[in-house]
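Next, two complexes with subunit A in common: one pairs it with subunit B, the other with subunit C.
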Partner chain A sequence: MADDKDVLRDVWFGRIPTCFTLYQDEVTEREAEPFYLLLPRVSYLTLVTDKVKKHFLRIMKQEDVEEMWFEYEGLPLKWHYPIGVLFDLHASNTALPWSVTVHFKTFPERDLLHCPTNSVIEAHFMSGIKEADALKHKGQVINDMQKKDHKQLWMGLQNDKFDQFWAMNRKLMEYPTEEGGFRYIPFRIYQAMSDRPFIQRLFRPVSADGVAHTLGDLLKEMCPSAIPQDDLRSLRKRASSTVLRKTKGALALTIIQDKSKTVR
Partner chain B sequence: MTKLHSSNAGTFAKMSDNADSPTESQKDDPPTQQPPTEDSGLVDEKKKIDVLLKAVGDTPIMKTKKWTVERGRTVHSLSQFISRFLKLEPSEQLFIYVNQSFAPSPDQEVGVLFESFGSDGKLVLHYCKSQAWG
Partner chain C sequence: MSDDTDSTAASCYLDEKTFRLSCGLFLEHSSFLNDGWAWEEVNGSEKEGYMKKTVMVPCRISSTPCQSNQSRLVDGDDALLEEEQLCDQDEAVGEPTAAEGQAAVRYEYHVLYSCSYQIPVLYFRASTLEGRSLSLEEVWNNVHPNYQQRLLQGPWDTITQQEHPLLGQPFFMLHPCRTEEFMRPALETARAERKGVNYILTWLSVVGPVVGLDVPLSYALAVGPPAPKAEATTAASTASASASTSGPD
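== the complex of A and B ==
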């Protein structure tokens, strides 16, 4: 898997052109200009938006500024979800650039986690890596790595350094050839219309008969409604597209389903 | 007296869905708590899971360690429950760990953690006043 360098690079260097606009009710000393930025899909909002903060802080008084947070069409954006997941989940069907609104007041406590420093992001990121390795290798690989190796993983992400990151991550992506795969595949299925945050369950990479599982097998078992079926009788149309992202040793699947209303 | 969950031979106490303390306000509700739906396709599954809480280091030990918790309860909500139970100061932090290795996100549901990391029919969680496993 670590041989698919082209795929790995394409995933790592995926970008979303984004337009950041200041919320209209924020108090400014001058007219706020929008700020444009290419966001890395594999990173986190609060890690890559220092420039956005600096841009808007230039025209605001300190007393009018609290913790920065982002919103898309009224929905607070969870910084602890990878940027690519946020975009695919909420805005993939819209025209680029992605229009995100920036706030500096009325932090939505019920919807968002606070992010006072980068170490909070680092802790969250490393926890995800450990959780994924717990599923892949019972945590043995991540535990055998030294603290400086963990730091290298984080620095690779923070500084957008593919080689630095993958020098360490490839260890987390290896498995004994006789096993045919990891112990379990770390995945999360996000759905646009769902009352649960995501689907995450145990799933083996190989069936009991020794046949390698496909993405289709995973979806069939975990999210059968994601597989398109034509139902001519009720005129109900379902369009679903699956966006696959393989990163940081874990699989994040965003499933966008669009169910139009049934005509009676 | 701790309440006993009827389906568990009396060994796991029921963790109240609401605030433990009568003075808890809405503000203490966890962010993004999402209870599971009826038609999630898992109709036979219990709505609650069994949790075993273990103290780390010099963190006070809970008198009741075994709890039955709603699947949709978040880690944050559980953390608040333990803090109140142990009567910790508001300034004191509490860290929750799974597999003695990672700290799940506060908005993570315990039911999901149980599915992936439960063993012998229960989810073991370690709690600590300081960062135990980074």
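== the complex of A and C ==
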């Protein structure tokens, strides 16, 4: 893992410059100025946009304000997806800054989860961590950790503290080769054009004959349509130690299907 | 841990094939009773699917939906509220009864399989006839007080809003972490008596009533576990399961 540290830091400190514009139909007392912010890829919209809310609330009346939600080109943005995933999925081919529209009315009940407090974000985050550990270690590592350790993971994310986060997360990322490593690789494949929110299935890090599975093997099995046959040779990274979007002990792969079938 | 304990522990979990077969048998009886359960396939994949049922129930709902759905305009730092407290009735208790009314509410229940935890999970959502989604508070208010007590005691037994893993839409979910705890006694007893148990039936009989879903007694008498020689009869069982979901004629 030591040689991965640079990559881990790069992933953690990834930022997306974003321009927040108030939805034109919102009722304001003065004209709304857009608000610019660098969003951490590994965090969640509702966790890092207090400043956005404060900025727009200054020019709005209390009665015109309900739960804040975000939209990109007409699509409500799921706050419970990591920001990096949202950007890669919907806007990676567009020019920066990412233009996001802010709403305070007509919350899209059928599309978005409510997010009344940070506890809800924390619960979602921890639930993802636990599920990933259930796959990696049958939940043994997360269950052996104390409540304060769980809290440290969360606080590390909330306060953007790489060292604080990884002090705990490294336990969850331990790959005991003598015990067969991870039981299964925790991954989710997101596709822009898809009926289902993501693909998530059981996948072992090592094949039946003891050969380490590669990222290409994973994609070939889970999402064959995304990879043209001749591109498979270029996907050589090991699935179990690849640092592609290694966040929160779970691997989140984003696949964007466009004409050139680029794999990110 | 002795081997015996290990195999007992293992049997508290459900593999995907047994999930499908158990649902199939459950659905056969549902078809016979005409009580509305159906199998939904995912993306035309025979292997992936879930059970679904929709019912209309009279419920207490807020007649001023804006207020019950509106989240408090709190600072992001409001970490005081634990998730259990979100399900608390603090606000509802304070509300005058004039703000509540009775209405027919459409409850939609989905039984999905979680491969991460190797157990079934119950998802549900509720909406008024006009199509307004019920809030977590309204759903909570309609949970029987006895069950509310039990849910509040265990932080991991709460009802939370989650994204449906196959549909991508907001649903409520009964947190699955304690599944093994209540399934173990039932499975162990069945083992000891050399009787089979239909995992889905047993599980749904326990979790269903908490969120207003009844499982009539006739199921217990009519629905057994999938046959042990499931490998040989898989195709047949799945075929009959699919056939039974084409609905009562």
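By our rule, the second predicted complex is superposed on the first by the 238 of 264 C-alpha atoms of A that agree within 3 Å, B and C clash if a C-alpha of one lies under 4 Å from a C-alpha of the other, contacts with A are read in each partner's own complex, and residues count from 1 in each chain.
We take it that a residue touches a chain if its C-beta (ideal position, glycine included) is under 8 Å from a C-beta of that chain, and two chains touch if they have at least 3 such contacts.
What you see is a predicted model, and the numbers here were worked out from it, not measured in a lab.
With subunit A as the common reference for superposition, the partners subunit B and subunit C occupy clashing space.
Touch criterion met: A:Asp195 reaches subunit B and subunit C at once. Within the superposed three-chain model, A:Asn143 lies in touch with subunit B and out of touch with subunit C [touch as defined at top].
Look at A:Arg30: by the touch rule set out above, it reaches neither subunit B nor subunit C.
Look at A:Cys115: by the touch rule set out above, it reaches subunit C but stays clear of subunit B. After overlaying the two complexes on the shared chain, residue contacts for A:Leu47 are found with subunit C alone; subunit B is out of touch. In the superposition on chain A, A:Phe107 makes contact with subunit C only, not with subunit B. Clashing C-alpha atoms between subunit C and subunit B appear in just one of the listed stretches 60-68, 186-194 or 204-212, and that stretch is 204-212.
Comparing the two interfaces of subunit A, the one with subunit B and the one with subunit C have residues 78, 80, 109-113, 123, 131, 134-135, 195-198, 200-202 in common.
Considering their complex, residues 46-47, 50, 57, 62, 65-67, 78, 80, 107, 109-120, 122-123, 131, 134-135, 186, 195-198, 200-202 of subunit A touch subunit C.
Residue ranges on subunit A touching subunit B, taken from their complex, read 78, 80, 109-113, 123-124, 126-128, 130-131, 134-135, 139, 142-143, 150, 184, 195-198, 200-202, 224. Note for the complex: subunit B touches subunit A at residues 27, 29, 31-32, 34, 36-37, 40-41, 98-99, 101-107, 109, 112, 115-117, 134.
The touching residues of subunit C, when paired with subunit A in their complex, are 42-43, 66, 69-79, 81-83, 86, 115-117, 132-133, 135-136, 160-170.
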